[in-house]
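Below are two complexes that have chain A in common, paired first with chain B and then with chain C.
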Partner chain A sequence: MKKVPIYIIVAVITFAIGYNVNARYFSNRRPVQPIAFSHKIHAGDNDIPCLYCHIYANKSRVAGVPSVQRCMGCHKVIKTDSPKIQKLTHYWESGEPIPWIKVHNLPDHVYFTHKRHVKAGVECQSCHGDVEEMDVIARVASLKMGWCLRCHMNEEVKNGKDCWTCHK
Partner chain B sequence: MLNRRDFLKLIGLGGVSTGAGFVLKEAMEPPVAKLIPYLVPPEDTVPGVANWYAGLCTQCSAGCGVITKTMEGRAKKIEGNPLHPINRGKLCARGQAGLQVLYNPDRVKGPLKRVGKRGEGEFREVSWEEGLSILSGNLKDLTNRNEAGKLYLLTSALRGHLTSLLVSFMDSFGSSNYFQYELFNNSNLIYANSVTIGSGAIPDYDIANTRLLLSFGADFMGTWLSPVRYARSYGDMRQGRPGVRGRFVQIEPRLSMTGASADEWVPVRPGTEGILALSIAYLIVEERHYRGADAKRWMDMLKRYNPDEVAGEIDISVRKIGELAEEFVEGGPSLAIGGDNLASYDNGIGNLVAVNVLNYLAGSIGHKGGVLLNGKDKTFKRKSVPYAQLTKLGDSALEGDIETLILYNTNPLFTAPSGMKLGASLENIPLIVSLSSFMDETTGMADLILPAHTSLEDWGDDFADHGAGYSVATVMQPAVSPVFDTKGVGDVFLALAASLGPGFKKDFPWRSFGDFLKDAWKKIYRRNRGSGIKERSFEDFWSRLLAAGGWWTPSPKISGAVNLSVGKASSHIPSAAAGFDGDSDKFPFFLTVYSHSAFLDGRGANLPWLQEMPDPMTSVVWGTWVEMNPKTARHLSLKEGDMIRVESPYGEIHAPLYLYPGIRPDTVAVPIGQGHTSYGRYAKERGDNPLAILPPRVDTRTGALALNSTRVRVFKSTRSGKLVKMEGSARELGRGIVQTVSNKEFKKMGKEA
Partner chain C sequence: MPGIIDRLSKRLKAYRTPGYYKKYDYHWTMVVDLDKCNGCAACVVACHAENNLPTVGKDECGKSRAFNWIRIERYVEGEYPDVKVKFIPIMCQHCDKARCELGCPVYATYHNQDGLNVQVYNRCVGTYTCATYCPYDVRRFNWFTYKWDEPLDQQLNPDVSVREMGVMEKCTFCIQRIRVAKDKAKDEEREIKDGDVQPACVQSCPTGAMVFGDLNDPNSSVSKLAKSRRTYRLLEKYNTEPSVIYLKRVMDGSSKGHEERHHV
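Take a look at the complex of A and B:
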């Protein structure tokens, strides 16, 4: 029975390996998107404002994924020789929307609205991270209730601790 | 130290726990969701933000305005239009359930052509081109054979510009046979008003401002005329004026939902309501509360309604009649209204005239808190809609006068008494085309089904008869794109017109019914009759009209005095109580059938929300029931929930018994609406249809069906069935749940406090 510690050590280490492999390579924190879109090129290098593509962020609950039409507005002429753009053109021509994978996904029992946060002057980056430096979009915040509340309490948001503000 | 065995064990353990770690992390993550963008974003749509479109409720003929909440192009909720003067932002359950009309899984999803035998319900899907070409081919044949008059059209009591289009289509085609039919129609009321107070229009009853309301059988909070409007007025009557609480007495053999809100229920013998009204009128004249020059002549005419003589027949005490008369004249304004039950006897018109006489003698016509007369709307010629229209249609069918019948928004096989044998008559028609969106009983007989849009998908407008003390027009616009492969009714007729040759097409140049409607409203814009919307250009007017949901002129017009002569009244008032089929020895009970507050004439039975909504008086869901007084039931040794057979001279129905203290011991009541043989999964084979056992008895002056005109007998049925109700017991069993004080005690308490 003196080998029990070894068994435990091996089990713990391999468990941690399994957990981290999932978190790093299989997590939807940074999923593999149908088109390898780079926020760094768009929002960083070219300085396109967030609201240029996410047009509903200041009007609605949802920020809105840009319509395929909006992508094509530029990419009819820009970088048409890139295979990624050709993939985009293919979607456009076959009349199919791009099936992006959701990175920031809130459960149904949470009521969250972009509009209020944008109107209150919260920077997009304070929740989404430095998107303009990401080649592959990744979630930086946990989106757990504690994380929400930390900000609501620090900023002394009116009714920010009320259950009904987010759970209605 | 580590032998081969242990090494393998460790490898195994390591593998398993790596997997466990992986799976645990996986389980902690929310499931992968896709984020699908628009290909091309629609205009005016912001995902997550609702768009509201104003429209018209078509679940009954009250003409309420609605607003429909749509998100990302889907209708989510219907509410009352807060700007609309008829319902002022409120909406009843039927209106709310309009959403389930749109999304009903039993809708006819595209044009169908019959393949099996007629009535067997076997259809094949066809395209709109094919469907329309079958019908237009048939119509061309009729024209070539010079038999254009053999095209018949039957619709519900449509109002508004759709009727104009249908009328002009039929005129251009050369057929005068456009019929309208509605089970619950106001033809008796219109007739009674036109012979007494000289207005063929339906007046507006100013319930909100009256001090005493005598309602003779009118279920004005459930189904009568404009229930949302009058329920609101009722609230205003009770609580809308500081210090004044209007008193309300309901006179009917079976306590309706409206009756349950009354201060007092007067359960008169069925068919004697009009006599009671005249008896009260007699006392008013006798006590010299009527000061007209012709008081003496009224006195002579009303003499035979002296309470001492008729109280026995009405079955209430002479003293009670005296009290009602006293209340009616003291401290007006007071108002008597009559409808539903009262109008549905074979002396219905007489009863309604009697109510008008009472209002006239008490000076309640044309005054605040009384009957406000509406002028006759000259924009549209109203069609006559009573039951007689249906008998005419049936007779023509039997004589072979109908080659082609087009049906829209009507289900006569369900709403006509089976004694009429309409089904057999329809068999004689070579081509029946239904434009119904649902496979109802009559549509099941059709050879071709060209399904129409529902009201959330189509254009339209409506001009409610009763108005809101002034004229009200409501506009309907598509709130969502069509859910299925359907077309607007107007569009179907415009497409037919286009296919009938250039001569025909010339008269109908519009590309769609929406264009037709817009053109028609240009005329109203040009007339600009003191409209609530004033704009410089028509386009601005039109967009504001659609945004507001209609057009109305909030300037209450109190019409002038009315002169009712004794002669006019005396030729129409009831000389006797209503007649009932069936010998009173063999058939001891009066049968009262009434419109279910959710299903109306049966049209709401396919909507699950309405099926599961407990009836307000009995709490019964999902079925038909028979109401009987507990005393009578004890006498017959029947108990609640027993399946019983109700037999009239014309047939029998089976339904479970509900013991209802709010009904006279000599009367049984059954709600209308259930008992469909088709009409979708929610309506089919549920309950029984009491219309099937009614005699085809009509008031000959209008041809309106007398719904309450038969006696019945009841037996225990051999069939099995359950009474499904929400309530445990209707009695409070001494628990003091509902504590009450009488009106007089209440007044005394007020003084002491």
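Take a look at the complex of A and C:
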């Protein structure tokens, strides 16, 4: 067997390390949010339904980032001594929205509606991953067209293959 | 691998064959009553506002780069005191047997299940073939990436994408409004009723000359108007079977309808 040149091995290892570091810390899949909000505590451990906070998911195109008021509805009394909650209280008192960083971002030429998907009985987890087990929210799906078409090529999706069903 | 390509090309060929659909889910049709049209061009303005069309200005129009999905053509007969003017609004005719679909090398324009001739902007590579094939001259090409000045960019419609340089575009029958109506109808678990969908031009028409609806539904207003004796379609001799139906303007003393003299 021929020997593999050392520089190829070094290149492969460097690429692998770089790729992982990039994916973990610098990609838009897993950004650092202004408040270290944990979906695991809320949706996982305490079983709060998704629709309690993302109230528009079954009524509108967007699922809706909850308002600070919705957070404060519980956190006026729950765990007020935690530094994270004090950060939230600061936003509440100054009357500012929390500058959450969008994780699931679709390009402008895509028409996507949460309502149709939720009403068709698609589970939130089938696109967003097991959010109830995530401490830091991360995007698991590629959100590329080929990924959408895995479901849309099925006959059950009416006009699922037509370009203008999803593009605008 | 060649087997896959063969199969795929066969399917695509079947797809672009005119009359691929036996029956459309909806057959969106527009009826334009030329007796009511007074050429005010409100439809042109409404179309610009709804579909994010740029206003290119006089110089560009002079270079045959005018930008409008719907235009008003004028036909003037006679001299000043005794003058007869006829107007005809012309938009994409959404032909059932569309020429443009045959020409596109990348399948960017195709017929969908609603009888609409649609253009996929992301697929378009800008060969201009469809515009040269179109007998109605309704396709418009983005020669530049047009910009909107500071306050005007706030009025862009978020339901319609802003096209870039090198992309062909045309009237869509306001497909974004059809989509909204479908969404609403699905929530209420029914089909789209007559009058649920109104493209911007139809909505803005002050005299109600334009009517939009589903030709598959025998009780819709377009189906009733399509039975009129005045109906004709543009350049019928080319057998493109347009989805836009015109109702002839009957004028006293006018020798011919302009429809017979309509050349593009």
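Note that in this section the second predicted complex is superposed on the first by the 162 of 168 C-alpha atoms of A that agree within 3 Å, B and C clash if a C-alpha of one lies under 4 Å from a C-alpha of the other, contacts with A are read in each partner's own complex, and residues count from 1 in each chain.
Please note the rule applied: a residue touches a chain if its C-beta (ideal position, glycine included) is under 8 Å from a C-beta of that chain, and two chains touch if they have at least 3 such contacts.
Bear in mind the structure is a predicted one, so any value in this text is a computation, not a measurement.
J.: Return fit or clash for chain B versus chain C, each positioned on chain A through the superposition.
T.: On the shared chain A, the partners clash.
J.: Would you check which partner chain A:Asn159 touches, where first means chain B only, second means chain C only, and both and neither mean what they say?
T.: second
J.: Quick check on the superposed pair: does A:Pro49 touch chain B, chain C, both, or neither? Answer first, second, both or neither.
T.: After superposition on chain A, A:Pro49 lies in contact with neither partner.
J.: Identify the partner contact of A:Pro83: answer first if only chain B is touched, second if only chain C is, both if each is, neither if none is.
T.: neither
J.: Residues of chain A touched: more by chain B or chain C?
T.: Higher number of touched chain A residues: B.
J.: Check whether A:His167 is in contact with chain B, with chain C, with both or with neither, and answer first, second, both or neither.
T.: After superposing on A, A:His167 lies in contact with chain C but is clear of chain B.
J.: For A:Gly121, select first, second, both or neither according to whether it touches chain B, chain C, the two together, or no partner.
T.: neither
J.: With the two structures laid over each other on chain A, which partner does A:Gly146 touch: chain B (first), chain C (second), both, or neither?
T.: neither
J.: Does chain B (first) or chain C (second) touch A:Pro5, or do both, or does neither?
T.: So A:Pro5 meets neither chain B nor chain C here.
J.: Based on the superposition described at the top, state which of 3-11, 165-173 or 201-209 belonging to chain C clashes with chain B.
T.: After superposing on chain A, the stretch of chain C hitting chain B is 201-209.
J.: Chain A residues touched by both chain B and chain C?
T.: 113
J.: Mind pulling up the chain A residues that touch chain B in the complex?
T.: These residues of chain A touch chain B: 3, 6-7, 10-23, 26-28, 31, 56, 59-62, 64-70, 92, 95-102, 105, 107, 113.
J.: Sort out for me which residues of chain B touch chain A in the complex.
T.: Chain B residues touching chain A: 6, 9-10, 13-15, 17-26, 29-30, 32-41, 46-49.
J.: Could you please specify the touching residues of chain A with respect to chain C in the complex?
T.: It comes out as residues 108-109, 111, 113, 115-116, 119, 159, 162-164, 167-168.
J.: Okay, in this complex, where on chain C does chain A touch?
T.: It is residues 25, 110, 112-113, 116, 118, 120-123, 159-162, 172, 175-176, 179, 183, 186-187 of chain C that touch chain A.
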